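The next part holds the structures, each set out as structure tokens.
Paired with chain B in one complex and with chain C in the other, chain A is shared by the two complexes that follow.
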Partner chain A sequence: MEFLTDKSDLSRTLDLVLNVVPPKTTLPVLSNLLLDVKSDSITVIATDLDTSISTRLPGEVKSAGMITVPARRLGEIVRLLPDKPVRLKLEDETRIQITCGDTQYKIHGIVEEEFPKIPQVQAREELQLPANILQRMIQKTAFAVSKDETRPALNGIFWRMEPRKMEMVATDGYRLARMEQIGEFPIKGKKEFLVSPKALAQMTQIAADSDQPVDIKVDNNYLVFSFEGTVVYSRLLEGPFPRYEQVVPKDNKKDLIVDRTDLMQSCRRVAILSDSLTHQVQVSVRKNAVILKSNTPDLGEATDHIDANYSDEEMDIGYNATYLSDILKYIDGDKVKVKLDSPIKAGILEPVEQEKDEHYFCLLMPLRLAE
Partner chain B sequence: MNRIQILPESVANRIAAGEVVERPASVVKELVENAIDAGATEITVAIEDAGMKRIEVADNGDGMSEEDLLLSIERHATSKLTTVEELSTLRSFGFRGEALPSIASVSRFEIRTALRGEDRAHRLTATGGSDRKVEPAARTHGTSIVVRSLFYNTPARRSFLKTAQTEERQIRRAVMAHALAQLDIAFRYVREGEEIFHLPAGDSLLARVTQLFGSSLAKNLVEVSGAERGPVVSGLVSNIDAHHGNRNYQYFVVNGRPVQQVLLTQAGANPYREYLPPKRFPALFLAIDIDPSFVDINIHPTKREVRFAPERSIFGGIDGAIRRAIRAERSLPSFWMKDGGTHGAGPSDGGGSGIMAPGMGARGTGAHGTGGSQIAGSDAIRESGLPLEGAERQWTYHPGKGGPLAHGGPSGPFDSHTGSLPLPAGAVEAAANPMSWIHRVDLTNVQQIAATFLVASGPEGIVVVDQHTAHERILFEETVHAIDGRAAQSQRLLFPESIEIDPELASTVEEYGDMIEKAGFELALGGPRTVRLEGIPASARGEDPVAFARRFLEHLAAGSGEERTGSRRVAASIACHGAVRAGDKLTREESSVLLKRLLDCEQPLRCPHGRPTFLAIDSMELARRFLRA
Partner chain C sequence: MREKPTRSWVMHVDFDSFFASVEKALNPKLMDRPVIVGAGVIASCCYVARAHGLHNGMPLSRARRLCPDVVILEGSQPTYRAVALKIFDLLREVSPNVETFLDDAYVELTGTERLYGAPIQIGDWLRKRVRAETGLPLTVGIGSSRMVARLAGKGAKPDGLGYVPPGDESDFVGRFPIRDLPGVGFRYGDILERLRIRTIADLRNMPLEALTDLFHSHGEILYRRCRGEDTAVVEEREVPKSISRESSFHVNTADRKEIDGMLFYLSERAARTLRQLGLEARTVRTRVRYGGGGSEAMARSLTVPTDQHAPLFEKALTILDRIYGRREALHLVGVTLSGIRMANGRQLDLLAQDEADREEHLNDALDEVRDRFGYSAVVAGKSLDLLGKLEQNDYGFVLRTPSLTK
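The block that comes next holds the complex of A and B.
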């Protein structure tokens, strides 16, 4: 196995695949990248068994072959190489020689037989979606995914496809983010998957801001994205995702409209003196004003007033400040609308003006305030 | 012919003996009490063959006249009581007039006595209560009673006795119980001709405890004193680091009278529940002074048990006094290098035979496995003359500095505590006040190890925290406060869940309903077999809320054998199941919050189940480890 490539191409490829390499693993070969060199192509593959990525590396093949190389070690080496052509050559069974200008390394790899096979996907469904739309939907929802491993059904983004709309939903049980995109999608019937946010983040990175289409294939176990020579394979998560539609309040008729940046900054200011474990702030909704307060014995108290549009019943609601400011970060536009009902019911937060063909909202459950 | 007859006196005495004189130790107890009542300032107890062969109790008290001597072994003859009314205000030990006749009826009995200020002494002898003889004898003032061949005429009683070791231990306990109650009386205890202890009159309680149980136990005691109201509770109790496998180190004195009572044991153990591991017990040496009219001492012939009128106030008084004492004392767990066992914590010798004779030097009593401190450790190493390299090294978890007593104790075992390491003054100072430096660790840089421990360091040392027990402690205190005051913050669930429960859990929900809600759970009975979960305590973390709620209820229902009061029980159940687990990854911010909150706790050293929350290794300790001595 031997090929030539550019330092910059190699560097970019490694940036892309290194995210998939698990930080620590009981299976040593997963710390390596598979170099699959054919007479006309060089493919670099990484996997953590749940998510795999395979991408093409431009270059000139001298001889075909396969080997796995330590991923992070190779990354370190390449980062400091001069900006010149790089030659990778398998010297014997596992030793790889890396030459660039006057610099030469010899590192040990692991034979490719030990590297897990890339899943074979028999597409049940195939479609194309513009990369930027996909990216936007992922970005607006991924933050709400639960990181709690004891709740696997909440560890993914719920993705539902229908011929005329597509939605992504994520929740950790206390807050929820839902993005809906209206359009024409080449789907037969309704399809639902639970996808790991890690795979979706990979996808966002490779298709960064492009309006080119992403190829999507789904079978019973995998979701596969392909974009310009890079393929991401993601094992689908097991649900069931909770029936979230049932908890979206329909009677939240009290609309509070407030400047998004004002509310976010106010929330952060007041949060400094909130309880360090619960982050509770009290949001007092008054006529055309919102007062945020925190009061923690031993710590002190903080108060902040902001202007708002509100004319309904006044109320005091407790929220987790971190959750509230997280949500405000992802809502577009200057103004945010908070639809309220009572201090113990979920609040709905959404942009006052939705983007075209889009419907986005977040739910936030309150913290009970002490009487 | 009348069927009912008055029993002959000899029979009545033997029946009474069955109640009063159960075993040799009860003889010793009765005789020592008589000696105390006689105003003795020096009492010697000498026994042979666990008291079966011979018991002698000699005092320097008032003594008896010839007439009194004859009356003394008559039933219900007493010098201490004449009317029923006096019973309720009585402060003397005996009053029933049963002891001497009873003992005399089951032994070969001898009294030798002389009144104070008289040069004539008399001797009374009796066998099985009869064949009484009084004759002149020689003795200075006071009384000696010799009991030989106990139970010689009641073989059944004899066969009920335990092994000689057990009976001897009971005797020793009886003498120690009085020695701990009467500090102004000198006590001498002689076994088979060998003096086991000799306690001078006017000792402090600490000095007596040290003499009787060794300095390693004494070092880990803190002082209890004062009362908010009700009974006055004073004495010495274990700090939270020292605990024992049994209740052998618990002595209670009520109005000067040694007493064994479940209520007292429970009240004494209660403050430790959240600190000590299961099946471990504190040492308690407590004197309770209470209006005599609140105590009924006449419920048991041996007066070993008493009854208190306001049980609640006794319980609360003891519980509160100990809590204040152990809270004030902030000892710090640490590591120290254990030496070869010559000093300090040696292997257990089991049955409390580690009592030292005077003059034997400060040999640690092995029974107190956790005794000693890091300072004591280094002293021990120095004293033993062993170079560190030569010592058998073992990394052991050990409690840190002794309590305030270790610094302010009267003399002897407590006089050296600073070691002699060439360290900057600040380090020594820091070590002397361990809790202070802990607050100077860098909380912005807390590292997580193995997703289980948190490590922070400061200029004076390193702190290692167990994230689970630390969070447990935080949640526990927070929940206790929430239930007693402003309700805890509750995070409402987006997906309320119905949980199937059995009737036992349902009744737990009913019983603890208000507390559960104040603790932060939004949990409502939805029928006989379901609860609806709408919110969980906001400070809890991890775990699926349904699993959390279910485990919490199960823990609460089972109580895991914990006899806690309601709010503490609810709090412990929440702490146990709402805390982060070992293996949970924490962000740097979460780690730092956890450590900070732990240090802000009232009692940060233990989780509610008694496991340690953190270890501190100060610069002195490090110096010792690197042999910079």
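The block that comes next holds the complex of A and C.
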């Protein structure tokens, strides 16, 4: 196996695949990348068994072959190489020689037989979606995915496809983000999956800001994205995702309208003196005003006052400041509408003006303030 | 700006054989009799009983053998707590900065001289006042730091007042056995005694480098403390750092039902203490000690702090499963809650709030029943497996470890 490629191409390819390489693993070969060199193509593959990625590396093949190389080590090496053509050559069974200008490395790989096989996906469903729409839906929901491994059903983004609308929902039990896109989608009936945010993040990185279509294939176990020579395979999560519709409040009739930037900045200002664990801020909703307060015995207290549009019952609600400012970051537009009911019920936050063909909202569960 | 006080003063207040003294104050007929409080083992032992060789932690059966006319009382935690709070209130009359523990307290006296007179006068006044209002003896130690104050009191026990004048700290501290130096526990004590260091003064012969080699950063603290220097401040600490409940088994056991039952019971008690103090905890540590020696422990944190028993017990049990590796009977099991904070601002859950509310209502109801009818009025969950294996009284199961009755 031997090929020539550019340092910049190699570097870009590694950036793409390294995110998939698991930081710690009990299976050593997963720390490696598979180089699959055929007479007319060079393919680089990484996997953590749940998510796999395969991408083409431009270059000139001298002789075909396969080997796995230590991924992070190779990344470190390439980062520091001069901007010159790089030659990778398999010297014997597992030793790879890397040559670039006057620099030479010899590193040990693992034979390719040990590398897990890329899943064979028999598409049950195939469709194409514009990359930028997909990217937007993912970005607006992924932040709410739970990192708590004891709640595995919440560790993914719930994705529901229908012929005329598509929605993505994520929640960690404390907040929830839901994005709905209206359109014409080439789907028969209703399809639902629970997808790992890692694979979706990978997808958005590959198709960054492009309006080209992404090919999507789904079977019972895998979701596969393909975009311009790069393929991401993602094992579907088990779920089931909770029936989230049941927790979306229907009786939140007290509308607070406030400048989004004002509220976000106020929240951040006051959060400096909030408890380091709960990040509790007290949001006091008054007639045409919101007062934010934090008070932590060891630290001190902070108060901030912003104008708002509100004429309903006054109340004091506790929120986690990090959750609140996170949500405000993802809502578009100058004004945000907060639909409230009581200090122990979820609030609904949404842009006052929704973008065309979409409907976005977040739920935020309060912190119970001490009496 | 306030004027910087020229001299710092700390007073340490110790309630002499607290539970036994409260019982004597409530029933003066017991005044000259040997009185002990405890269930299973001695939790508190008066000085008359100590003269017969009795001491805290001794099994009651042995106490009866050594001192046949000893008066054994089960004690009443709510009463002791009420008396302690009353004394703490009196302490707060002389200084706003009082750090309280179960049966002792530190009082920051720095800067109070102009208001209340010399520290010795304050100490005298306080002892008389506590005696008049509660009938309890009190030992007071006064010195320039927490450590000196504590040791000053130690030398004056019982019912006395110890005072170390400024400048005498080093000489005074030096006379005490090395194990009395704060920060020298069992392990460090053993190491130091093997090095033939018997008194605090002996430790001064060790160069700083040798101490830091032995004890790392802690070495420097010991180096300063053995010279009578202590910079720890008096903090009004209402939130304990941890709440620990441990018990040995009456007979070593490998029966998972009994072990799980004990863990359930201990974590239930710890969670109830959290609720009584208005606190919540985030980290759970489970510890086991094997019958043949050796112990294992592991701590894990919850995603959100809680004062509810179910999540704390679930975590404690998961840890037990991981650390109980040997096929050997256990001598002891225990649970320690840490990461403790005031219960304020509990994050509500979108998906599981109904369940959390139910659990909370259940625990509130259990607390209420137990407040009225005693802890044993309700035996819940896995601790049912302890029925018939352990005796019960109003305070719950009678365990072997004294700290549990507190």
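Here is the rule we go by: the second predicted complex is superposed on the first by the 370 of 371 C-alpha atoms of A that agree within 3 Å, B and C clash if a C-alpha of one lies under 4 Å from a C-alpha of the other, contacts with A are read in each partner's own complex, and residues count from 1 in each chain.
Everything that follows uses one rule, which is that a residue touches a chain if its C-beta (ideal position, glycine included) is under 8 Å from a C-beta of that chain, and two chains touch if they have at least 3 such contacts.
The structure presented is a predicted model; accordingly, all values stated were derived computationally and were not measured.
After alignment on the shared chain A, the placement of chain B and chain C results in a clash. Once the two complexes are overlaid on the shared chain, A:106 sits clear of chain B and of chain C alike. Of the two partner chains placed by the overlay, chain B and chain C both lie in contact with A:318.
Within the superposed three-chain model, A:278 lies in touch with chain B and with chain C [touch as defined at top]. Contact with chain B, but none with chain C, is seen for A:298 once the two complexes are overlaid on the shared chain. Legend: residue contacts after superposition of the two complexes on their common chain; A:346 is shown touching both chain B and chain C. Residues 148, 150, 171, 173-176, 242, 247, 275, 277-278, 280, 318, 320, 344, 346, 363, 365-370 of chain A are contacted both by chain B in one complex and by chain C in the other. Contact residues on chain B toward chain A in their complex (touch as defined above): 474, 486-495, 520, 522, 535, 538-539, 541-545, 547, 593, 596-597, 600. Interface residues of chain A facing chain B in the complex, by the touch rule stated above, are 148, 150-151, 171, 173-176, 242, 244, 247, 275-278, 280, 298, 318, 320, 344, 346, 363, 365-371.
Looking at the complex, you find that chain A touches chain C at residues 148, 150, 171, 173-176, 242, 247, 275, 277-278, 280, 297, 318, 320, 344, 346, 363, 365-370.
Every residue of chain C that touches chain A in the complex is listed here, in rising order: 282, 303, 305, 341-353.
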